[in-house]
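There are structures below to look over.
One chain, chain A, appears in both complexes that follow, with chain B as partner in the first and chain C in the second.
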Partner chain A sequence: MHLNYLILVVLVLAALWTVMTRSLIRAAIGLAATSAVLTIIMFRLNSPLAAVFELSVCAGLISVLFVSTISLTQPLNKEEVLAHMKERLGRFWVLPFLVIAIGLTLSFIQFKLNLRLPAPEAEKDVRAVLWNLRQLDLLGQIIILITGVFGVVILFRERLKK
Partner chain B sequence: MSASAVYLFWIFGIFIVMLFSIGLYCILATFNLIRALIGVEILIKAVTLLIIVAGFLSGHTALTQSLVITMIVIEAVVMTIAVGIVLGIHKQNKSLDVRKIRSLKG
Partner chain C sequence: MSHLLILVPFCCVIILNLPIRKVMRSLAPVAAIVLSLLQVVMVLCFDCHFWQTQFGIIGTFFKFNLVVDRLAILMLLCIGIVSFVTAVIARVLIKERKERFDFASLLLISLSALNGIVMVRDIFSLYVFLEIAAVISFILIAFKANLLAYEGAFKYIIFSAIASIFLLCGTSLLLITSGSTDFSLINASLTAQAFSPSIILAVGLFLVGLFIKAGVVPFHWWLPDAYSEAPSPVSVYLAGIVTKAVGVYALIRVAVSVFGMHKSICTVFLLLGAVTIVVGAVAAITQTDFKRMLSYSSISQVGYIILALGSASPLGIAAACFHLFNHAIFKSLLFVNAAAVELQTGTRDMDKVSGLSQRMPITGLTSVLGSLSCAGIPPLAGFWSKLLIVIALLSTGHFVYAVVAVLASVVTLGYFLVMQRKVFFGKISEEFSNIKEAGLGIVVPEIILAAITVGIGIFFPVILNRFILPLGG
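What follows is the complex of A and B.
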C-alpha cells in the first residue's frame, strides 16, 4: 500500500507541473502524464476497465485534442512570453505552498469517520453491470455523444459561413 | 467500516483534496481559456479518483467502474465542445486571454 502513497505523491506533482509550467504544450503533456499516473492507481484499486478507458480517452484523445487546439491558436512572441511569464509567476507561486499547507493541515486533523458501507457485493462483471443495471446511463451516453456531434457540426458550419 | 479502511480513505482523501485544490486554483487564477479547461480536467480527475477509491473500499468496483466510464465519455464530449468554442473565440478575438474578450460586455 506504501507504493500507492508514492504514486499519489507523483500524481499531485504531475498535476502541479501541469498547472505551473510556462508552455501550453507542456501543460497538455503534463495532463496526459497525470492521466497516466491516475491509470496506474486505478489498476491497483481493482478497476482495470475504467483504467483502460482513462488511459485511452483522457491520456490519449483529450491530450491530442489539446495539442491540436494549441497548435491551431496563435503563439505569443518572445516579448509577450517574457511579460506573461512574470505575470504568471506572480499569480501561481503561492500554489505549491497552498497545496502543501492543505495536505499538512488535513493530515494533522484527527477526523473520525463513521461511514456505514453496504455489504460488499458478489464479484460482478463490469459489462454485466453496465448493460443490465445501468441502461439509462448508456442511453444518456448515446444522447450526449449525439449532442456533441451536433455541437461540433454547428460550430464548424458557422465558421464556414463566415 | 474497519479502521484500516477509514485510514486508507483518509489518506486518499487528503490527496484528492490536494488535486481538487490544484484544479480549482488553476481555474480561478488563469486568464487563458485552454489552461482553464486543463483546470477542469484536473478537477474531473480528482472526482474520478474519489469514485474509484469509494468503490474499492465498499467492494462495489463493478458499479463504480461503470460510473467512471460514463463520466469519461461525458468528459470527452464536453472537452470537444469546449475546445470548439475556444477555437471560435480565438478566431473572433485573435486571443485566448479572457481579459481581451469583450464582445459580450454590456
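What follows is the complex of A and C.
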C-alpha cells in the first residue's frame, strides 16, 4: 500500500513537470513518463489489460506522434516561451485549486451508483488477453499508429519541404 | 470472409508504401477504385457462397468477432459506392501525383476503419475504429494545408476529442455496470436491471459522444467548417459516408442493439431530431457558399434520421436506415456537383455564378435530381424515405413531429430551388460563357449517383418488402 502512495506522488510530480516545463519536447517526454508511472499503478491494481493499453497508446503512440510533430516545427525563442508561460499562468492559475476542490467535494459526497467492478484479471495472461480476446482492438491500434505517422508525414514533412 | 473487408485495404496500404514507391504511386489511386468497386460487387452478391467461406490460415489466425446483418450490408454498400465515387473524382481534382498517392492511401485506411465500425459487435472495438476514422478525417480536412483548412481541421479535432472523452467515459461505466463490452451482453445486462443512475450516466455520455460525431444540433459547430474548407473529394467523402458511419450508423446500432429503445432515449431523439431538422434547414437558407449550404442541409437531413429513430417502431428504424442510405447517395451527388462547379468556375459563391446548366447540362440535370430527392419530391428515393419517416411518426402518435418533418421538407425545397435558380438556371454570365463540363472523371460519378437515386425511387415497390422493411428487425 505504501508503495502505491509513493508511486502516486511520483505520478503527480511527473504530471507537474509535464505542465511546468518550458520545452515542448520535454513536456511530451513528461507526458510519456506520467503514462509509464500510471501503467505501473494499473499493473499493481491487477489490471494488466488496461496497463498494456495505457503503455502502448499513451506512453508509446501518442508520445511518438508528439515528438515527431514537435521536431518538425520551429521552436519558440526564450523570450517568447517566457511570455507565453506568464500569459498561461495568469489565465489558468485557478485550475489546480479547482481540481483540488472538486476532488475534496467528491470524496465527501456519498455516490450511490451501485457499481459492480469486474473481477481483476491478474490470473489471465496479458498475451492471451490481447491476442485471444482483444485481437481486433490490437489491429485497430496498429492502424491508428500507422495513420498517425502518415498524418505527420503528409501534413508536416511535405509542407516543410515546400 | 468479413475479415477481408478490414484486412485487405489495410494490407494494400502497407504494400503500396513499400520502398518501391515510384511504381506504387501510380498504382495507389487505381487500388482505391478497384477495392471500393470490389466491395460494392461483393455486397451486391451477399447471398453467394463466398461470404461463408473461411480462407484457411486467415480464418484461423484472425479471430475477429464480426457480424454482418442487413443493416451492416446496407452500410457496406454505401461505403463502397461513396468510396468508389471519391476515388474516381480525386483522380481529376487532385492534380499532384504525390498528393493523389497520399489521398488514396488515406482512403484505403479509411475503408478499413469504416468497414470495422459497421461490423464490430463490441463497444470498445467500436471506439477504436471510431478513433481511426477521426484521425483520418482530421488529416483529410487539413489536406489542402491552408489557413481555413487548418481551422476546419482544428475545430474537428477539438470536437472529436471531446466526443472521444464522452465515449470512453460511457464505455468505462458500461463495462463497470454490465461487466462486459460485448453488445449483446451489455443489452442483456441493461434489460435485466432497472435504469440506475450509473446506467443513465453511461448511456447519456455515450449518446452525447455520438451526437457530436453525427453533427446533431447543438453539437454541430464543427461540421460546416470541416465540410466546406476540406478539398472537394474530402467533402464528398466526409458528407457522403464518414459522418454517416461514424455518427449516425453508430447511433442507430448502439440505440437498437445495445441500449434498447427506452422511452426516455426516444424522447431525446425526437426532440433533438426536430431541432436539428429546423436549425439545419433555416441555416441553409442564409448561405451563399455552395458547399456550406450543403453542409447545413446535411445537418438537417441527419435530423430526419434521428427523428425516425425516435419513433421507436420497426417501421421508424427501417425508415431511418433507408434515409441514411438515400442521404449518403444524394448528398454525395450534390457535393460532386459543387466540386464540378468549383473546378470549372473557380468559385463556390452562388451569387457570382448563374445559368451554368447551359454549359454544364449533365451537372445541372443531376443537381436538380439530387436537390429534388433531398427535398422529398416523388418519385425520387428521398421522397419514399421521408414518406416512411412521416408514416412511422404518425403511426406512433407523434403528430407534431410529423408536421415538423413535412414543413421542414418545404423549407428544404425552398433553399434548393434558390440554389438552382442562382447557379444553374437563368442567363449565363459573360465570364463563364466558355466553360464546359468537368470531364468524365466527374460526370460519370454524377450519372451513377443520380441513376441510383432515380432507380431506387422507381423500383421502390420492389425493394420495400425485400430490403427496407426487414431493416426494422
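Keep this in mind: the second predicted complex is superposed on the first by the 87 of 162 C-alpha atoms of A that agree within 3 Å, B and C clash if a C-alpha of one lies under 4 Å from a C-alpha of the other, contacts with A are read in each partner's own complex, and residues count from 1 in each chain.
Operating definition for what follows: a residue touches a chain if its C-beta (ideal position, glycine included) is under 8 Å from a C-beta of that chain, and two chains touch if they have at least 3 such contacts.
Fair warning: this is a prediction, and the values are worked out from it, not measured in the lab.
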First (chain B), second (chain C), both or neither touched by A:G151: both
First (chain B), second (chain C), both or neither touched by A:S23: neither
First (chain B), second (chain C), both or neither touched by A:G140: both
Partner with the higher number of touched chain A residues, chain C or chain B: B
First (chain B), second (chain C), both or neither touched by A:L95: first
Which of chain B and chain C A:T34 touches, first, second, both or neither: first
Partner chain(s) touched by A:G103 [first = chain B, second = chain C, both, neither]: first
Which superposed partner A:E54 touches (first chain B, second chain C, both, neither): first
Chain B and chain C footprints on chain A, overlapping residues: 113-118, 134, 137, 140-141, 144, 147-148, 151, 155, 158-159
List of chain B residues in touch with chain A within their complex: 1, 5-6, 8-15, 17-19, 21-23, 25-26, 29-30, 32, 34-35, 37-39, 41-42, 45, 48-49, 52-53, 55-70, 72-77, 79-81, 83-88, 90-91, 94-96
Chain A partner contacts - residues on chain C that touch it in the complex: 6, 10, 13-14, 62-66, 98, 102, 105-106, 109, 112-113, 116, 120, 122, 124-125, 128-129, 131-132, 135-136, 138-139, 142-143, 145, 173, 175-177, 179-180, 196-198, 201
Touching residues on chain A, where the partner in the complex is chain C: 112-118, 132, 134-137, 139-141, 143-144, 146-148, 150-151, 154-155, 158-159
In the complex with chain B, residue positions of chain A that touch it: 1, 5, 8-9, 11-12, 15-16, 18-19, 24, 27-28, 31, 34-35, 38, 41-42, 45-47, 49-50, 53-54, 57-58, 61-62, 65-66, 69-70, 72-74, 91-92, 95, 98-99, 102-103, 106-107, 111, 113-121, 123-126, 128-130, 133-134, 137, 140-141, 144-145, 147-148, 151-152, 155-156, 158-159
